[in-house]
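Both complexes shown next keep chain A, but they swap its partner, so chain B is in the first and chain C is in the second.
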Partner chain A sequence: MFDWRWDFTFEILPRLIMATGNTLLAAVLGYGIAVVLGLVFALAQRTPYRALTFVVREAVEFIRSTPLVLQIFFVFYVGPQFGLRLSPWTAGMIAIGLHYASYLSEVYRGGLDSVPKGQWEAATSLNLSTRRTYFRVVIPQALPPSLAGMGNYLVGIFKDTPMLSVIGVAELMHTATAIGSETYRYLEPYTLVGLIFLAISLPTAAGIRVFERWVRRKLGLS
Partner chain B sequence: MSYFEFLGQYGDRILSGTLVTMLLTVLATVLAVAIALAAGLMRMSKNGLVSGTATVYIEIFRGTSLLVQLYWIFFVLPLFGITLEKFTAGFVAVGMNLGAYGAELVRGAILSVPRGQWEAALALNMSPARRMRRVILPQALLIMLPSWGNLLIELLKGTALVALIAVADLMFQVKQINGTTFLSAQTFGTALIIYYVIARFMITPFMRWLERFMQRMVGRA
Partner chain C sequence: MTDEDLSGFPLALEGPDVPMVSFRKVSKRYGELVVLDALDLDVAEGEMVTIIGPSGSGKTTVLRMLMTLETINDGVIYVDGKPLTHMPQNGRLVRANARHLREMRSNIGMCFQHFNLFPHMTALENCMEGPVHVLGMPKKDARERAEELLEMVGMADKRDQHPSRLSGGQQQRVAIARALAMRPKVMLFDEVTSALDPEVIGEVTNVIRQLVARHNLTMLMVTHQMGFAKDISDRICFFFGGRIEEQGTPDELFGNPQKERTQQFLSAVKEAA
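Here is the complex of A and B:
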């Protein structure tokens, strides 16, 4: 039975659009954490300390091969067991930030590995400190090859934010479910959520491709 | 309660959940591979309607969240007269979602089979279907297998979401146990380790083996 109700659609649309704001906020915050923490993970695997490299490497593998939704539950519920209460937002941002940091660290790792050895030797012969070598020579060159992967994961993190609804973060999916259980109508809310996701993720993905080409042209890489 | 007492008491529920997760993973993989092949080949069709259908499918499933798709299939499809049992809805959603990602892998791999192979097949007067099946696909398979390894781990992780429509998989079981015992570190921690073991010590080695097997099959060992 197909009965799409337009009056109902327009009634719930403002609520869903408000919730979209929360979804975007969660994606941007989570991505911010992931971008920084991912770099830390990637650099930690390049230190001379074998033990540190090993631990970080295994941790990244572990986080990458287990479900995000389970990690969200873990972070949210394990804290209180040891007397540490986290709000749904805090727990959600930690979980999603850590998860994507481990993905991004792999992207950075690929980028860092693609910097030619000669660049390191040149930096050494110019007597640059390790810090300066990384921040002035290596990372700027490692960034462009990483951009495609970084862009994919920006869209990826956005699409994974509905999982935050399981611990009660009032994002899009959570709001749609709430509307569904108030009105017993699921057709419009869930369909609208799908359309909102499409309306944001498709242009973003296209925009990222344009941006990536622009950066490569600016840096004279293609 | 010590961890061993915990395992003794809830071990069988965790085990049954693990088996359901594995079954879901296998079924969703079969579906995803079939869809990926179909959608990937359709997308390369010269017929605009065929390739357009595949493109719309791929963009919709890659552009929205798995959770949204799962809820839509489970809560909204019945309104159209298609009621899927929750277990079926679960693996269909996961399979269709990962199938869309797989379709792009299939397309990319087929396009990267060297041109000479296509020309050689043409010169041998093979029909298009035969050329695809005997020459192009086996080589494309070899190219895309490493990426499928990653995709299957994503698929395994995706199956955890079906717990949200009450399919009794590993995620669901530990959530239930946590609800009665509040031993969150033990329950969720155990589940994390089991998912990791499945991904790292079952899926990854299996895919490595499959890669070597396929290399032998096409004579590149």
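Here is the complex of A and C:
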């Protein structure tokens, strides 16, 4: 039934492992952007400036309601029409970073909202500034309840990196497809891609759960 | 906000007997609901005033307004002679800016019914947070001050514990130390024993007794513990419907209440106890 060729498998494995490096790099860079930008989005929606809150909320909603692959195409192909000529990597990181920042901002929002009002009042009674209250009181408490969601999106962004292949980022999927079109064999490269994703996703998810417990303990919250 | 007329209020209180806290015709409304109705209340320096009254009579609101946790609709509050949520500008009172609020807030400390300790910090860290990050004290000095205060409230041995490891009474004692670490002139206690198990109420009230006896703090307290209020207060204010229905020394108010509502309230409380 299957015509699985081991010699071919071992022949292409090094190339796929190299490409895995790019996949991981894309996931980590994109996630780094998303983690920081998501916090900016979440905090921007809590400022007293109504216009800012409105614009950011609508932008987040817009990004969350449109497909990632469209956003990647948009930044890469439509950008140049506005004088924004970006390499596939840069365009990809901007698109995927923005996309996941929007999702993470919702995770943070939930976490920030879960901090009881009394914590804010205690901070005010000690005369802590808004900035200090966020960074010393509210965010440390918003973190543990956000970690599960943050972890899900870390795995999510990793699994979405193949979308970058559409603009030519040489990550795993792109490489597997290239191998396929060179050799007319798709079974082995795509199977290997699946296994590599699995081999990374599963331990990451488990690691996140351990990390979550560790953070709670570290913050004295449990 | 802009149409409020505060021309009748002085820009500052001056003279030899300026009260530490002075509410002048202070009103608070939530939509239609009038919570405080042109309240006048003076608290002298070093005085311990206890507010009692039925639920919803505006007791908590008085303290929260003083802590600037609640805005004020009308009137002016003065702390140490200076307007709290207003400031003088071109010879009249306008809404205070953030800087003025910060400066005024440094006079006031508050303890809450549910403690509101920072759960991710140890008892000691809770007490050092304000001194280090607001007062800009060197860590070493802040630590010394925090340790002294924790010692005073009998929590020195638990200073490295997080709040989740402390009982309610212990948490409240840490919260008192945390507020005192900011060296406020006025301390506010809002039902600080209401969330506690009966057997640990004493450990918190004893700390407050000690404060009254040894320190010249101005204090405003809301409590349902009449015995405790009677013991330590200089004056009791009975609130009803957002106004002071009756006030006097503990002996006057508990021993010989004049108003019918006061008598009803006190007998209802006595029955419940």
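Just so it is clear, the second predicted complex is superposed on the first by the 219 of 222 C-alpha atoms of A that agree within 3 Å, B and C clash if a C-alpha of one lies under 4 Å from a C-alpha of the other, contacts with A are read in each partner's own complex, and residues count from 1 in each chain.
Here is the rule we use: a residue touches a chain if its C-beta (ideal position, glycine included) is under 8 Å from a C-beta of that chain, and two chains touch if they have at least 3 such contacts.
In this text, all values refer to a predicted model and were calculated from it rather than measured experimentally.
J.: Report clash or fit for the pair chain B and chain C bound to chain A in the combined superposed model.
T.: Here the two partners, once superposed via chain A, fit next to each other without clashing.
J.: Pick one for A:L219: touches chain B only (first), chain C only (second), both, or neither.
T.: In the superposed model, A:L219 contacts chain C only, not chain B.
J.: With both complexes overlaid on chain A, does A:V137 touch chain B (first), chain C (second), both or neither?
T.: Once the two structures are laid over each other on A, A:V137 reaches chain C alone.
J.: Using the superposition described at the top, determine whether chain B or chain C touches more residues of chain A.
T.: B
J.: Pick one for A:D113: touches chain B only (first), chain C only (second), both, or neither.
T.: The answer is neither, since A:D113 touches no partner chain.
J.: Mind working out whether A:E11 is in touch with chain B, chain C, both or neither, as first, second, both or neither?
T.: neither
J.: Once the structures are superposed on A, label A:E182 by its partner contacts, choosing first (chain B), second (chain C), both or neither.
T.: Neither chain B nor chain C is touched by A:E182.
J.: With the two structures laid over each other on chain A, which partner does A:V78 touch: chain B (first), chain C (second), both, or neither?
T.: After superposing on A, A:V78 lies in contact with chain B but is clear of chain C.
J.: With the two structures laid over each other on chain A, which partner does A:T124 touch: chain B (first), chain C (second), both, or neither?
T.: A:T124: touches chain C, not chain B.
J.: Aligned on chain A, what is the least Cα gap between chain B and chain C? Give it in whole Å.
T.: So the smallest C-alpha gap separating chain B from chain C comes to 28 Å.
J.: Where on chain A do the contacts from chain B and from chain C line up?
T.: none
J.: Which positions of chain A touch chain C when the two form their complex?
T.: Result: residues 116, 118-119, 121-122, 124-129, 132, 136-137, 140-141, 219-222 of chain A touch chain C.
J.: In the complex, go through chain A and note every residue touching chain B.
T.: Checking each residue of chain A against chain B gives 1-3, 61-62, 64-71, 73-74, 77-78, 80-82, 159-163, 165-166, 173, 176-177, 180, 186-187, 190-191, 193-194, 197-198, 201-202, 205.
J.: Enumerate the contact residues on chain B facing chain A in the complex.
T.: 59-60, 63-69, 71-72, 75-76, 79-81, 153, 156-161, 163-164, 171, 174-175, 178, 182-185, 188-189, 191-192, 195-196, 199-200
J.: With touch defined as at the start, can you tell me which chain C residues reach chain A in the complex?
T.: Against chain A, the touching part of chain C is residues 67-69, 102, 105-106, 108-110, 112, 114, 116-122, 129-130, 133-134, 162-165, 178-179, 182.
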